[in-house]
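There are structures below to look over.
After this come two complexes, each holding chain A, first together with chain B and then together with chain C.
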Partner chain A sequence: METAAINWHSFFFLLFALVACTFAVAMLLSSNIVRMAFYLVISLGAVSGLFFLAGADFVGALQLMIYVGGTVVVLIFGVMLTARAPFLRMRTGVAQWALAAIVGGCLLAVLLQAALSVDEWAPPSMVGENPPVSNTYTAAPLGLGVLGVRVDQLDEEDATLRNGMSGYLLPFEIVSIHLLVVLIGAAYLARTKRRPKEPTGDRQETVEPMISSGK
Partner chain B sequence: MTIDLLTQPVGVSHYLVVGAVLFVSGAVAMATKRNAIGVLMGIELVLNGANLNFVAFGSSYLRGGSQGGVGLDGQLIAMFVIVLAAAEAAVALAIALNFYNNHATVDVDQGDELKG
Partner chain C sequence: MAEYLASYFDSQWHWVAYALVGLVQAGLLLALILTGAAVFIWMERKIAGRIQDRLGPSRVGGRFGWLQSLADGIKLIAKEDIVPAAADGLLFRIAPYISFMAAFSVFLAIPLADGWVALRMNVAVFFILAVAGLEVLGVVLAGYASGSKWSLFGAMREAAQVVSYEVPLGLCVVVPVMVVGSMDLVEIGRAQSGWFWQWLIFHDPFTFITFWVFFTCALASVNRLPFDMPEAESELVAGFMTEYSGFRWSVFFMAEYTSMFAVSCLAAILFFGGWNGPIPLATMIGLTPDNGALTEWLGNLLGMMNLIAKGFFGVTVMIWTRWSLPRLRIDQVLTTCLKYCIPLAAAMFLGAMLWLYAFPGGVVSRFVQTSPVGGTPTPVAVVDGKGGV
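Let's turn to the complex of A and B:
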């Protein structure tokens, strides 16, 4: 058994893929909400490793920064704010698990059959070679694409196809406004509501013991 | 089998298998979790499975360097999905916290007041 023929790209793909799938299934099977959040962090981090391996360095960095560093932290804040003893472990009934397993198994079978049956998606047939990719930095083409210029498709001959390959300036602006609306709306929804209280009642309770202890 | 996986290059279908596993885990988690925040975590897994497919279809690494597929569009759409998932998580968490403030529970089975 020779060890020189190991394709390290495949090795790291296998590592990250196993970590991502294992912790996704563990998150599904766990009933403790704190452990679920931890498993989700590991799984999303491994998915960012898969992005790096696919040559999408900027998207992998975004995944690490926004998803693992932002979204999951927001979710963990939600866990901490609602973590009371009856909600830490909420078990699902056996009948619901059985139904979910049947439906999920059927869905997985359909997706796997679709993923493995197309010849164009099969691995390229080069054994022991690195894939020939000249430019691996995608931040500048992505940024220009968001601004409306597609530098990766300037050499398209067909003029009608070139018209359909414009950039993403309008979606980018829509997402900007959307984020602003979401920021204001989330802050409005999650604010604490002040209950009407007697302000003098609190003050008397706090002041009086000090006076009595001073005497 | 594992030796074969270690020596052969990785293709698009490998990524699709991982994406399918993440998607199904997330979908089943959305259906079975009783905690509202657990349902949100399932949504995150589903979006990640879809993102993995977008990036795999747009990657020229996985096609042996040949052009084809969706090109850079896959990564651009994956970027938009990541940003919109962050916005969605913020709003959904705000709704869950509001529900918790009003009803003192995060069990989605208790949230059936809108039932007709």
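Let's turn to the complex of A and C:
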């Protein structure tokens, strides 16, 4: 009589996984650049759904904020402002496809091998009736770890390890400064390429000939 | 609730119980925000009318025209759904739903009373900021896919505005989180239980100013006047909504009013005590968890009404602001954000941090020796090294 039961956890896991994979493939196959970005957003959003399903609220919200939100910003500032024509299409050559397939296939093989070799990541049916899902962790130890206070190492015997020598504050700051430099550089590069006369003027001739006659 | 219901079913039918509970909870939330949106639209027209010395809607449904939104809804559903020839059909059709979904999902994490929350998370504040930021995606897609100049201008303005205002908004939200020491909205609400001087807005002068910066940024992030750039009826026809008609157009409006209500509720929880009233009425008449499950339920019901009333008040202030202030230009909008809101928010963040360090335990509670149920706010300025919260 087990056939009547639906495990909602598995159901939503499969649903989100399916959505993520489908839209990832759709993004590859599409040639319309804004649609590609949209499919990417849906795929990344489904991945954040997987995180929420696993009880990792913080990582899920981070995924939404950084990856999904970041894709939106890339879509806006990277694509729309630099596109010379509306509804821009991108053509991908055969050589690029082949190269991408090799690199992607290798990465997939490595990841699959790694994922299947960890016993704790086996599906619940292999583990037993009650998979060990716990949602008791908070984000506080993570934030404290960034500040240099390793809550998880309080039991450490060695005093230097216990006193936050292994904090992440310095790497964190270095990465932040690095990102800031990259941002400023990107803004500078994007700025010099702008033509002064027609910020969005391209749209007029191609999309709406009637309106452009008034120019 | 799901486990309780599931105990009435055979084990192989547990999934039905979980599905039912999920549907009921989603349905309740949807009912709350859709009714809310209808009431807000009616309220907006009525208040706008009164401010402009008109009557506003006055025919449909009796004296105050209170059924006007319903009549409008029926009209909008019956209207033709037009997709422009130059539009990207798929994205054009799907964009309003993305906006609405983002605005709706915020309510998953907003507690309506102590523990009455669809999804209790220990990072609820962060989740809300992340999800609310997705609303811009729908607007940008709508503006781009419409194939119209006005729409694209609106979308670009929305992008610039929302992306910049997310920064001070995030900084402002951090201040109450820091004072309470938790990102869990239920915890933040509990920390403010008691009289109104326990509210975080009255915690110290910095939180007081933070609230006003928060409110300004919230106005901008939900695109209300004076930050009404993406829509800007008098410049851009209707901005990103220019090409929309019928039901999809109304979905955009529902998203807008839903997110207005959401940020008002968030402001109420972060700064105005959430479900804890100005006067701890529920505690006074004994509606506390100590006196049994029914009184706890009644107390929560009272708290929910309290929170919703505060949310309604916030939306009313937003409507009032809209019909009182003129629209800023886009450069003035960005100047307000980058030159005023961000430095102010950063200064308030620093100030609140120093204040917590100087007066751990708060100033008001030092002079007013009341100890309501739930205790006084316990600020965590110096983390004790055991996980802080």
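Methods note: the second predicted complex is superposed on the first by the 116 of 215 C-alpha atoms of A that agree within 3 Å, B and C clash if a C-alpha of one lies under 4 Å from a C-alpha of the other, contacts with A are read in each partner's own complex, and residues count from 1 in each chain.
In the analysis below, a contact is a pair of C-beta atoms (placed from the backbone, for glycine too) under 8 Å apart; a residue touches a chain by one contact, two chains touch by 3 or more.
Computed from a predicted structure; not experimentally measured.
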item	value
Chain B versus chain C as contact partner of A:Asn7, first or second or both or neither	both
Which of chain B and chain C A:Leu64 touches, first, second, both or neither	second
Which of chain B and chain C A:Ile177 touches, first, second, both or neither	neither
A:Leu50 touches, of chain B and chain C: first, second, both or neither?	first
Which partner, chain B or chain C, touches more chain A residues	B
Partner chain in contact with A:Ala95 - chain B first, chain C second, else both or neither	neither
Chain B versus chain C as contact partner of A:Pro141, first or second or both or neither	both
First (chain B), second (chain C), both or neither touched by A:Leu40	first
Contacts of A:Val72 with chain B and chain C, given as first, second, both or neither	both
Shared chain A surface residues [contacts with chain B and with chain C]	1, 5-7, 58, 62, 72, 75, 77, 87, 138, 141
Interfacial residue positions of chain B with respect to chain A in the complex	2-3, 5-29, 31-35, 37-38, 40-42, 44-45, 48, 51-52, 55-56, 58-66, 71-72, 75-76, 78-80, 82-87, 89-91, 93-98, 100-101, 105-107
Complex interface listing, chain C residues touching chain A	11-15, 18-19, 86, 88, 90-91, 121-123, 126-127, 129-131, 133-134, 136-137, 140-141, 144-145, 147-149, 152, 156, 159, 163, 183, 383, 385-389
Chain A residues within the chain C interface of the complex	1-2, 4-8, 32, 34-35, 38, 41, 45, 57-58, 60-62, 64-65, 68-69, 72-73, 75-77, 80, 86-87, 138-141, 143-144, 149, 151, 154, 200, 203-204, 207-208, 211
Chain B-touching residues of chain A, taken from the complex the two chains share	1, 5-7, 9-11, 13-14, 17, 20-21, 24-25, 27-28, 33, 36-37, 40, 43-44, 47, 50-51, 53-56, 58-59, 62-63, 66-67, 70-72, 74-75, 77-79, 81-82, 87, 90-92, 96-97, 100-101, 103-104, 107-108, 111-112, 114-116, 118, 120-129, 131-133, 138, 141-142, 145-146, 150, 152-153, 168, 171, 175, 178-179, 182-183, 185-187, 189-190, 192-193
